[in-house]
Amino acid sequence: MRIVVFIKQVPESEDVKIDRLTNTMKREGIRMVMNPSDSTALAAAVQLKKEHGGKVIAVTMGTKKAVEVLNQAAICGADELYMVSDPLYAGSDTYATALVLSETVKYLGGLDIALCGRRAIDGETGQVGPELSVFLDIPCVTNVLELQLKSDGRVRYKRLLEDEILDAELSTPALFAVCEGIVRDYVPSISDLRRARDIKIINITDNELKLGGERTGLAGSLTTVRRTFQQTSPDRKCVFVDAKEGAKIIIAKATEAIL
Amino acid sequence: MFSEKANKHADNCRFCWMCRYICPVGLQTGKETNNARAKGLLVSLVNRGQEFDESYAGTMYECCLCGACSQDCKTGFEPPIFIREARTEAIVRDVLPENVRMIADNLMEKGNLYGVSSAEIQSKLEKLLPNRPQKAGVLLYVGQTALIKAPEISEALICLLKKASVDFTVLYSEGQSGAEIGDVIGYVAETITAAKNEAAKINTIGAEKVVVLDPNVARVMKQEYPVWGCDINAEIVTATAFIAGLIADGKLSPQKIDMKEVTFHDPCKLSRDLDETEPARYILKSMGIEIKEMFLNREWTKCCGTEIVKAHSPALGALIADGRWGDAERIGAACMVTACPGCFDVMGQCVPEGMKHYDLFILLAEACGC
Amino acid sequence: MINSKKSAKIWVICEQRGDSIADVSLELLSKAAALDGKNGVAAVILGHGASKYTRILAAAGADIIYVFDHFELACKDDCLYARLIASLISKHNPQIVLMGATIHGRSVAPQVAAIIGAGLTADCTGLELEGNDSLVQTRPAYGGSLLAEVITKNSKLQMATVRPGAMPRPTFNYSREFVVYEEEYQRIDNRTPVIYGGSALKQGASFMGAGVIIAGGAGMDAKGFSFLKQLSERLGCAVGASRAAVNAGLAPYSMQIGQTGTIVRPKLYVAIAISGAVQHIAGMRASEYTIAINKDRNAPIFNYADIGIVADYRDVLAQIESEIEHFQRVCK
């Protein structure tokens, strides 16, 4: 069974500082981490492998620094690591990214289950998963809380919707975009660490994917950010009150809001 | 592969060197590798392509993990963070020196530094407290060092608890608290799993308080267990604090002991990590014992060498212990009191001619007529 | 006035919710009409019994309504809907397609975009038409610390999903003339999931449309959370939790508010024992009014609050309890 997990390296939210002059994110001193819901997707993939056998194939697309998340993926149980990076792909929007990832999957020889996080904490679109599923011509389920492989090969899953948790199943191949859930840092064992050391990261560039510059990167993107700017609403001015006064205000405002 | 946190600390330590006068190992050996800076430098070199070989690994284990360097650091860096991770790296890369490999194997296979079987541990506990109750208000956690290397301390402590009519028991069998294995192989899954199992065992007793004899174990239970997700459903109390409390409550009435020129050696984990310095002094005072303080006392205490270093490098361990005895000699002390089973074993192996060495609980047991 | 439009410039893919149309779909229809109503607004609705919504869709702004009504569509399957919508779009070539950024919408829209090859912007909070044809889509970035203006390029079709509640409340004109096209449905394949059932999120656990949300942090204990649950039943509000509280096992993930949980925009948000990490603020900064309770005067949450209470949360909860009792006595 081939389980492909798509992982993205993102800036740690707590470290994000906005440069007030250029209205862009300041890049120095930012810790780069594995996107939280991708981390959950990876854990789900490794769990499936442990229970049913197969291979966990970790794929990331980004700059070379992103190999760090692949190393982490290896420690967490991934069997193969692929770094998709090419200067042509820089600036890809979700459409171009999904295209590159789908070609990567075809280049690698297909998959049975695709797992990814429900959305990245930097872009926050949640679009790559569903777009990728279309390019791969497989069904897609978003906002998945948990999933299991049944003995008949179908995947039974729970999906978190606004007002209910849906219990359903479908056949593979399929793509599941997984919610963060409870993200626990994985504590590796000595053997996990030893195993991870031996896994080499394989680079994939456009030499392998042969997509060309027009369908990828900025040129291949169908959306573009025209400008970024600050919220115009002023920062709230906090009025401090004591517990008794505060309780009164809470009740008053709550009643007002509900009526 | 080091964590980002370890790398940050190592990169900051590697050129600084300001803590070199505080390292108990470096002060005795005079080797450049025996201080925090060198270890930070080695970590940063490995990150930049240098091979992590057996000599690097050996250096990482010539350290007590006593935290004197962290205590001294004016900018808040903590060398034990990257030193422990470097030890994990050493194991992962299979470059442990032979003497260290032996104790690592002992810990991973038998669950203690000395390779003693769990059946033997069980029988030691049985001997300490025959027909121990299944449940009690207080659980006394002895720890592998006291059980195997300093049983007299555990006997003394048990005597004291009985004298004070404390409703207590001990575990049927003690496994690994995680203190020793965590220092030798790092905070990896094996360490945390061992700790989780131990926590679960402790919880079955349903005690309200867990009295921990060994300060190393107490530190791990209080500070690391919450981080590791091991929850002990009881208050964790050091033995020194608990006993001091019994004396204050009048449950123990020690007689005065006539001892002159006494000094007290603070266990490093107790005084530095757990911020506890006065209960032991209170206990000594209750026996009418006046102490002269050594240079580097309380949170600045100079580590004795630790049970772990003694186990893999006895000669180095003795040399470090000598350093602390030197501090006692320099203030004209005639005897030293220690309050940790590790310190008792380590300092006890090289008592200078004409000096005496006592354990706090054994002394108190005597004073209470045990 | 006869208004028989054959095609519409702006389409809104509408979403059925329970026994009615999701609010966001109606918001978008009115917004579409406001943006460029004279060039035609179409609503697309799919589901079993979808035909019964045509009146309200028209009143909210639709001139044309495309309906897929079939019992096999009761499943509300994102992939199936996406394919039907895409082929419909290919037939009629609208310029702009909007959809509510609900969980369903955020799955359907990108699939449609990929099938057609259209630019899609997610979770917009602002939409404007520039020079008649270019849709300027504004959306939050970096957890809301910045806003980004996005435009579509190299794509004839401009698509956007829009955050529920971001657009003004819909206006209804029941005398608007409209035309309905009943679209033919044929099963495409057997890949639709089999649904075993759904377990409704307990009362107070669903944030959808919640006017008041009270959220607890890891500083609270289990007792505190059960008090909040009781409070939610009495006041009729929803209960949320910070990421730290969920990780500590005090609340299930479905209650998590923040970047890695749910983004909410209630009228009133009460944050109890929550420090105000960046990822949490991202989840609640759009609240109309915020009251924060924290022992630490310097907690960042106070930078995003209108009222701050520096106190132990237990004191405040006790005060709330006594206020409610007083209130109830007075009312008797």
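Letters A, B and C mark the chains as written, and numbering starts fresh at 1 in each.
Here is the rule we go by: a contact is a pair of C-beta atoms (placed from the backbone, for glycine too) under 8 Å apart; a residue touches a chain by one contact, two chains touch by 3 or more.
None of these values were measured; they are calculated from a predicted model.
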| item | value |
| --- | --- |
| Chain located farthest away, centre of subunit A as origin (C-alpha) | B |
| By mean Cα position, the chain sitting nearest the middle | A |
| Selected interface, A-C versus A-B, where C-beta contact pairs are more numerous | A-C |
| Gap in Å, rounded to a whole number, between the CA centres of subunit C and subunit B | 56 |
| Centroid distance [mean C-alpha coordinates] between subunit B and subunit A, Å | 43 |
| Rounded Å distance between subunit A and subunit C, as computed from the means of their C-alpha atoms | 21 |
| Junction residues of subunit A, two or more chains touched | 184 |
| Subunit C residues touching subunit A - in the complex, by the definition given at the top | 78-79, 82, 102-104, 106-111, 113-115, 117-123, 136, 140-155, 191-201, 206-208, 211-212, 235-237, 246-247, 253-254, 256, 259-261, 266-268, 270, 277-279, 282, 289-293, 302-311, 315-316, 319-320, 322-324, 327 |
| Complex interface listing, subunit B residues touching subunit A | 1, 4, 88, 91-93, 185, 187-190, 192, 228-229 |
| Interfacial residue positions of subunit A with respect to subunit C in the complex | 13-14, 16, 18, 23-25, 36-37, 93-95, 98, 121-122, 124-135, 139-143, 145, 156, 160-171, 179-184, 221-231, 235-244, 246-251, 253-258 |
| Subunit A to subunit B touching residues, read off their complex | 31, 71, 75, 184, 187-190, 192-194, 196-197 |
